[in-house]
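Should a chain be cited, it is by its letter among A, B, C and D, assigned in written order, with residues numbered from 1 in that chain.
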Amino acid sequence: MPFMSDNAAPVHPAVWAAMQAADAPQPPYDGDNLSAAMDDAFSALFGRPCAAMWVASGTAANCLALAAMVRPYEAVLCHELAHIERDECGAPGFFTHGAKLVLAGGDHAKMTPQTARDRLARVGVGVEHTPVTALSITQASEAGCVYSPGEVAAMGAFAREKGLRFHMDGARFANAVAHLGCSPAAASCEGGVEALSFGFVKNGGMGAEALIFFAPDMVEATRYNRKRAGHLQSKGRYLAAQILAMLKGDLWLDNARRANAAAAEIAAAAGDRLIHPVEANEVFVALSAGERAALRGAGFAFYDWDEATARFVTAWNSEEAEVMALAKALRGV
Amino acid sequence: MPFMSDNAAPVHPAVWAAMQAADAPQPPYDGDNLSAAMDDAFSALFGRPCAAMWVASGTAANCLALAAMVRPYEAVLCHELAHIERDECGAPGFFTHGAKLVLAGGDHAKMTPQTARDRLARVGVGVEHTPVTALSITQASEAGCVYSPGEVAAMGAFAREKGLRFHMDGARFANAVAHLGCSPAAASCEGGVEALSFGFVKNGGMGAEALIFFAPDMVEATRYNRKRAGHLQSKGRYLAAQILAMLKGDLWLDNARRANAAAAEIAAAAGDRLIHPVEANEVFVALSAGERAALRGAGFAFYDWDEATARFVTAWNSEEAEVMALAKALRGV
Amino acid sequence: MPFMSDNAAPVHPAVWAAMQAADAPQPPYDGDNLSAAMDDAFSALFGRPCAAMWVASGTAANCLALAAMVRPYEAVLCHELAHIERDECGAPGFFTHGAKLVLAGGDHAKMTPQTARDRLARVGVGVEHTPVTALSITQASEAGCVYSPGEVAAMGAFAREKGLRFHMDGARFANAVAHLGCSPAAASCEGGVEALSFGFVKNGGMGAEALIFFAPDMVEATRYNRKRAGHLQSKGRYLAAQILAMLKGDLWLDNARRANAAAAEIAAAAGDRLIHPVEANEVFVALSAGERAALRGAGFAFYDWDEATARFVTAWNSEEAEVMALAKALRGV
Amino acid sequence: MPFMSDNAAPVHPAVWAAMQAADAPQPPYDGDNLSAAMDDAFSALFGRPCAAMWVASGTAANCLALAAMVRPYEAVLCHELAHIERDECGAPGFFTHGAKLVLAGGDHAKMTPQTARDRLARVGVGVEHTPVTALSITQASEAGCVYSPGEVAAMGAFAREKGLRFHMDGARFANAVAHLGCSPAAASCEGGVEALSFGFVKNGGMGAEALIFFAPDMVEATRYNRKRAGHLQSKGRYLAAQILAMLKGDLWLDNARRANAAAAEIAAAAGDRLIHPVEANEVFVALSAGERAALRGAGFAFYDWDEATARFVTAWNSEEAEVMALAKALRGV
């Protein structure tokens, strides 16, 4: 029973259908009418003008955004558990040509204005120090926790105060919005986010993430950088089709709600073994090696977060029976 | 009638079927059984052990190969019309961290040992000059022409003599092999090619190219570089599925033969207006502005190569009626 | 008798004296009063506000300037014989993170608006092509020839028309100004030059070149980039001392005049064997292998430019007797 | 009275003399006989074959060494207070094209095998993580403390065990060796160090540091990288002259002993206010803001390390009277 990660779930039928409907030849790269429709689709969704580009991976989305924000001698402030720091093989350093990541703390993998401020205070002034000129937060965080609109806005205010550009890694942005019950804008751009990596792959897509720019000055460089990084696929219409299908009828939100609901069931079963509040589709549970072995013996697949913690991830396709089986098993340990 | 480019053709039905058959969840990235099968599939195809990785674009394939071949202070020798020089927005400079391309001439966008040797002779010796340590040729060339096995081997001998690693950009490798009627190995690795960008997107795939390493020392760095460039997609099984479907029953070769045959029909009609021999699926025809306007008025889409030349590209799905219509129109000008 | 290069000449006594006068401890890096005086000194020299930084080499000066002008996915237009293209081991690619050099022709290693325009016309439009956003010319050129104020201004007008930033590699700027008999401003910034690598090492200095910015927007990034490249030396006062000593009493101009005069004597002797007009301190002479061997046998050191050409370089310290000996020898071949 | 930093001290008379003796023209770059003598001079000093190159700054020396050790997707393990992490504006990221620094702790700015091991254990395995392939320690450390030969050897054993290349930042290597009373080899290469940034600028030089390679495989790439970074100065003989003058008669050791002795006097006066053992030429003293103001009022210049700590640095030219005055003042606070 698969609770390893949402990044291996199947493709949603509506996405399949949209891709196949895109089969007729069209101009290559992003010259097709689906790619051209993305700006409008996301502008409508966020209620403000924005530019949207497809890319094949969250790493590409995040790093193209950062490359548009910092110069090579500058630095990005992020949480010490951020995906860009821990899980992308130094990709930010590649795309930004060596810019540094400056790491702050914060409970549940979320920075606060205070943890950000404290870290920034320790960055020296002068040409021997890389100036921090961008801020990146993850919505939902690596611990499966969500920044409320107020928390996003507080980070945005901090960014403005310090002159930092503001990026949001939204690999699980859908799950965050589903949890918050607010508009996607309230969870991002209304709080000051200037570039958003809006994830679809973990939520029913195949190989397309949307990189959304609310700040128009970042767009042109990114068009070149996307090509230069080999991410301007020639049959881009199939990526645009995936994304537009996810937006249609708020499929992205339905899928995320389903995943969140499954996670909530598991969380309820885990009780006081929970390491973090369960606000999205990830459940971190304190389990001993023996307990984990027993669960695996019973057919559950999941990830060892550290020696004492297991991570269970649900997805749009998590089956109720399997979720209930896991919940029951967790109650039994 | 679409003769603009093969890079916008639809996805072949067998590829669609294979992708959908890959829908069941599997370990992410390249941990799935389809990705794992690629090494064996290509080793069988080429008759020697090789390592195969999927990436989303030819630019990524080419540049990851070059990054495994040269250090940032070195240089790659290629034809002045090569795609890596002219059409990738400096992507080789990005992936290699600034290595130079050193440009040689040669008829029909093909280098010869002589043009390569002449160019190399003009590269200075000493630390003020970037040493050339790799060679890249395009099979079929940007002019739609093909290196025979003997020509590949001659370039390979030159590379060995000069201590150059040897890369082949095979965005249209299938068309080249279909033209030659030889084994894929004879058109590449038997002549000394150490890394091959084997294109599928232009030939019936959706968004998957294969990067083949015949030289095992280049593999490990490339695994990291692929991740670092955002090209290790989490649902990699859908890329592997495309490629394996193309290999099955030599679909790649059938598709290429079909495209080549269509190009041959057009070429026959173009007669002595042909700029280059037609050996793959591209037809370069001397046409005045007026003649081109007339053809466009008649419904034909194609690319203006330069002021006096139109380029017509066929694909696996070129329809016989449309090809005949174009042939007839060309005879009429 | 040394006519190999001016880059190995001794240090001028006035420079030695100024360095030793700088021995008293002062704040490190460029916090000392000599470094602080550079902006004013060059602003006075050029008759307009400018920012001046010392660096240790012409390569560093050139490449820091280019790094302030182009983004990694852009390109610099320069002559195909430019030092940045041929003699710096790809340093521009290092400092700019992979930006390309686009090469134009032109007699005597000088571009003209026409050669520049022709080359630019062949650069494609769209994200697959690196946009050219900077222009770099060499004053005096690699052939020892000089852009007149009118020629500089014509290139500057071209740069403005095309939206290009404008850099001048002035490794031998002093020799050019000495030849022109105009103000240094007329030979550079009055014609639109925005950043000038003003060479002193070849003209009596030890290890200090001045990087002059007439465009204030390039300064801040360069302060960081200089540090980041290891070029912010801690005892920077010794570099500033060299440069200020060269400016004092127009020593830079006197030294260049002396070198130019020596070159003119040699040029007169070379007669119609001259390959290029002799306008600075380099003399290119058609000489057969045998003739060159004979000259070397007679004690003259010089550089083989190509199989049929010898290059003789004079310097501030060229001795009259040696110059006359060379002139006599050349008359005798 | 100057206790701000040793990086602004004057040039030693013997160094001046050697530079002036190098005035006669010689082949440029490192083609002169002084540069050529460096390998032998350092091989004799260290009792084993090594290659030595001059560069203008410690940042350049450190980063060229790291660039020879790691690929762009790899990482360097160093102390969290290391100069390469805190004071070089991200220069390691520039020279290595984005490699990361992975930070370990340890008292007195010294790593131990245990702190290194603990940190390494937290680095994940797999292509999403940058593999650590090099280790860099600072001798003497940023806290003015020294690794004993045994401690260096322990770090070297750790590096070998983990397959890490081993770099030593020796900006104050002379002070460390003077403290240890051992051979320079015992303080570095005998313990496994493969590349050493051997500092001279802080110890009586002007603008020349030596980069020493005990591992021959790193040399060739570095020759190119030095040129490419603009650090191959054309009048390199003046840099070689400085270094050779410092080696002659062990001037480097005499100068360091003098600086260390001055620091010891100050340390004795600081008593239990010392933050770190004083083993080289830096004295860290707990002093309140008021106490520091009083000292400054009395004419002492020094650096505020943090809110509660002042740093006093001595140099080869520290004057006995000034040192005694400071010692007396510290006893009085």
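We adopt the following convention: contacts are C-beta pairs under 8 Å (C-beta built on N, C-alpha and C of every residue); 3 or more make two chains touch, one makes a residue touch a chain.
Here the structure is a predicted model, which is why all the values come from computation and not from measurement.
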Inset, instruction - For the pairs C-D and B-C, output the one whose chains share more C-beta pairs in contact. - result: C-D
Legend entry - Farthest-lying chain, centroid of Cα atoms versus that of chain B: D
Legend entry - Centre distance in Å when chain C and chain D are each reduced to the mean of their C-alpha atoms: 34
Legend entry - Euclidean distance of C-alpha centroids - chain B vs chain C, Å: 42
Inset, instruction - Two or more other chains in contact with one residue: find those residues in chain C. - result: 72-73, 88-90, 94, 97, 127-128, 130, 224, 227-228, 232
Legend entry - chain B residues touching chain D - in the complex, by the definition given at the top: 29, 71-73, 97, 127-128, 130-131, 221, 223-228, 232
Inset, instruction - In the complex, go through chain A and note every residue touching chain B. - result: 2, 4-5, 7-11, 16, 20, 23-28, 32, 55-61, 63, 88-91, 94-95, 201-202, 206-207, 224, 227-235, 238-239
Legend entry - Touch list for chain D against partner chain A, complex: 72-73, 75, 86-90, 93-94, 96-100, 124, 127-130
